[in-house]
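In structure tokens below, several structures.
Okay, so chain A shows up in both of these, paired with chain B first and chain C after.
Right after this comes the complex of A and B.
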């Protein structure tokens, strides 16, 4: 097991390097001169040639790309992404200020989505091709298709403008949480509902389920004790991977509801050309996804006794 | 009657559910009272960090005051914290005598040292509009030295991206021009009580300002809530969560969409709109074909039906038939300029030329301008010009603008009253920059004459010459004159415009 962990940890290094190259390159992929971006972001004025040259030297932008990249990476691995160009704070300070706000929205959505996705997925699979299954499938289709910003505005119109029940914007009280969570859950849950349904249906078509039915075991027992437990392995993988949405998964929801989390930070930073923040968010988001992938792989062994790493 | 266990559970359950429901509804109760005015605003007020970056309109006119203000109607720079001033050294030095007894909201008196501290923030940062140096002559006299002898120096002092005179306690370390803004303290009608970045700012009346002016505050609190999304902002007004929406009109962003104003008015909201010397224009890439040809620039001017463009905004803006600025701008009426709509003439000009596909670029974050660009594309097509419209992300737009990879682009000149002079500098005067809109020997010379002239009467004449020169060369194609808008609930009273800005010191909310 330990050998497996070590091997996987080594395997993720090239992937992280790849992500870091992409994150760092954003500064250059984006059209325009980075030195000009810094002048505009820092001083709020159109840049003069003298200001641009001064910044280019000050920020080391006159050095070769590779040198700049390794300078950036050596700091990034220590959690130092430099100073925000617009906020006069370190990038980590800016991110850590917003992280709890995003986490509040994400985990509320995550918990609700998983609970309902499981319930709806199971109902849908058990009642395959019946009315309730069709309803669940239509919902899944709508949830995947309807854009969050549109749904968010419609919910604001219904619950804030018409019914005066919930606030249209703001954070960080329970009442502010309801509409953003509802909006985000609608799509978040839809994909997962389909996934639960598909996984469970696959298990229900397995030979051991047919045998269990032939032996006359109660249907509830077959579904919950045998089929669902086996179907849970891919479901847990899929659900766990969605934790990577924590960082920038809720961009549209945060923008529509003025939720000052990491999603809206990313949008603001892109608009203001605050590249150190954009780079850090892209990099951290990638690293979180890879880390979750590793954790999930390791969790397999815990969930499924058949899997033994290194045996 | 005997109460069974089942009844007991039923009744207590119902009671608990009712209490829960009531408490839930209780927390939904709207917080607006007649003592509080809640403003919906697109941007965070940026009240921390670099003090030179306070460019939001609310701190600019609610918390801070400047030495002087600019009155467009008379084209005068008028006293504010300064009582009077002398122009010396041929115009390169301006000496201000300050009014006495003016207090910051922290009780410190405004004197020459506090003024020097404020403007040194720009000097030490070598800000593009910083004076050369600031000298304290005595407690209430302060001198500013500039490199050029321009009347524009006054404009720099009354609009330096919003910087107004602030208490040295506003920054940390205290009184250090290089310091970090920690608590914005000004002399204006309101003081900042609480600031939560990216969420809200709470302001209260500054008693020293009200004592000085003899007015009585009618609200106890002014809360500015940050709502970046324009649709959500409008819905927040409709739902009653905010009382007022005001524009942040720095650079044409973050305002209440003009095509929603009529709808709001129909629903009973009050709309206040103030004309400002701010004009949306088509910029020509006059450095390359086909718009290096003045005739082709005229063809575009003839082809554009400005009434149709103004219609996009339900009449809230005025079509720019009468020159580059609205009639309120100094000398604009006397210049007697009139752009005509003559598609036949435009066709005639275009038909004789070998013009390929024209590239029109627009910044897609300015949603109103995208609509305008689409209409212009159609209008130019009607006269035989094939236009490829490129709706670009802001950075890409700027890159194309900077590299000259366009034929036409949508942009603006002018601004609020306080930015009027600065924008003449930023759009028409050397050095050559991508954000300049038109420069030729004649137009630049005339524009330079305007910003140099201290005498108001002579300056007016120079304005007229500048407008005419620009018109004759068809340097730009003006589209429409912008407004500053305030959308407010019917029970809000007393918001009034001073210069281009809505003021709240007399505002109250009827219960």
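Right after this comes the complex of A and C.
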């Protein structure tokens, strides 16, 4: 088991290196002189030669690409992404400020989506090819087709403009949370509903279900005690994988509702050309995705002993 | 596309299963394509401003109302179909070309080449697409100024990988099959094997992927447009129409409503068609 963990953990290193190269290059291809830009953006004055020179040496911008890259990487793996170009804070401070706000939105959506995806998925699988199933399938296709920013605006129009029930934007109280969570869940749930349905159907077609049916066990028992338990293995792993959406899954929703989380931060930073922040967000979201992949793989091996191959 | 499948099916002597998903999807897609192609016949001038008609509600003269500059929203939405389709198909075509080539090379040659390309594919699969798209468009805008090519390049940068992955997988599995081995044994040339065996077998899954992909790309373009990073005004584009509409949501909700409806409709159409085609492919595999 330990060997399996070690092998899988080592495998992600080249991928993380690849992601770091892509995110670093984003900043390196910045046109013109970043040092000049920093002076202008941060102090709002016409850059003088010595200020530019000072910033350039301070940030190591005078070194060649490879040196800069390794400097950046060695700091980045320790969580230091340098200083924001437009604010007098470190990039990490800027990100950590926004993280809890994003997390609030994410976990609310996550909890609601899981509950409803499970219910809908099970109903859909049990009533395969009946009307309920068709409705669930059409919903799951609609969920991935309807743009969340449009759905968000429509909900704002209904609940804020017409009914005056909920605020259209703002942050952090429960009443602010309802519309964004509703919007995001609509698409978040869609793919998961499908996944639950497919996993349960897969289990229901197994031999042991036929045996159980032949024995005359009640259908409820077969579904909940037998099939669902086995189907839960891929479902749990799939759900935990979606934690990687935490950083950036909600960009469009956050922008529509002016929710000041990491998604909004990314878009703001692109417009302010605060590329160290953009770079850090690209890198972190990539690393989070890979790490979640790894965790899920290991989780899989823990839950299901058949998977500890190569041990 | 269904016709193409039919031809293949008839050729192989298998009855094509009835598939409603496919038909509905195809109708929606054809509808959007026809709207886009015949935009000049259906719609009026989408650039003509008329401040007297600013934010006018839908009427028999302006089916979808007028926008903040008094332009006819119906015309802008119809021309928007053109923009979205052209850009989305361009992106998918580039991605398909690059992705399939890389995937095929990787799968066919194997060895170190495959190891390296496989790693690169892994990296691209684990970067969050929309984040990189947004970041890249931002960088490109600073370098080249705003242009549609920024959007195309930025999306192709992340989009090729799904084609590469699927092509690599198909080529890898086909390479080991007996009929390829047999063709080699009877002295078939590589080009014969490639065009007679590998490409026809790979075509199905790639067509399914491409169909679903066009839908996704339309959504990505609209997202970028909504953020103000996509195709720039005055060229009408659905996401960008929504972006300008959101400021008038209280007074003129139709500016928001109609473009979004068309985004949803076309993405839904492509998804439905893709799903349907996939069903057909899977059933064919079961027949075999």
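Structural remarks
Here is the rule we use: the second predicted complex is superposed on the first by the 267 of 311 C-alpha atoms of A that agree within 3 Å, B and C clash if a C-alpha of one lies under 4 Å from a C-alpha of the other, contacts with A are read in each partner's own complex, and residues count from 1 in each chain.
Methods note: a residue touches a chain if its C-beta (ideal position, glycine included) is under 8 Å from a C-beta of that chain, and two chains touch if they have at least 3 such contacts.
Everything numeric in this text was worked out from a predicted model, so none of it was measured.
Residue contacts after overlaying the shared chain place A:177 against neither chain B nor chain C.
With both structures placed on the common chain, the touch criterion links A:167 to chain B but leaves chain C unconnected. After overlaying the two complexes on the shared chain, residue contacts for A:248 are found with chain C alone; chain B is out of touch. Look at A:273: by the touch rule set out above, it reaches both chain B and chain C. In the superposition on chain A, contact is made by A:87 with chain B only, not with chain C. By the touch criterion stated above, A:212 is placed in contact with neither chain B nor chain C.
Contacts of A:156 after superposition: both chain B and chain C are touched. In the superposed pair of complexes, A:190 makes contact with neither chain B nor chain C. When the two complexes are overlaid on their common chain A, residue A:48 makes contact with chain B while staying clear of chain C.
The contact surfaces that chain B and chain C form on chain A in the two complexes overlap at residues 30-31, 153, 156-157, 161, 255-256, 271, 273.
Within the complex formed with chain A, the residues of chain C that make contact are 119-120, 122-123, 126-128, 130-132, 134-139, 142-143, 215, 219, 222-223, 226-229, 239, 242, 245-246, 249-250, 253, 256-257, 259-261, 263-264, 267-268, 271-272, 275. On chain B, the positions that touch chain A within their shared complex are 25, 27-28, 30, 48-50, 52-53, 55, 125, 127-129, 161, 180, 197-200, 225-229, 231-232, 235-236, 238-241, 365, 394-396, 398-399, 402, 426, 431, 433, 435.
Contact residues of chain A toward chain C in the complex are 14-15, 18-19, 22, 26, 29-31, 141-142, 144-147, 149-150, 153-154, 156-157, 161, 244, 247-248, 251-252, 255-256, 266-267, 270-271, 273, 275, 278-279, 281-282, 285-286, 289-290, 293. The touching residues of chain A, counted against chain B in their complex, run 30-32, 36-37, 42-46, 48, 51, 87-89, 97, 153, 156-157, 160-161, 164-171, 173-175, 255-258, 260, 264, 268, 271, 273.
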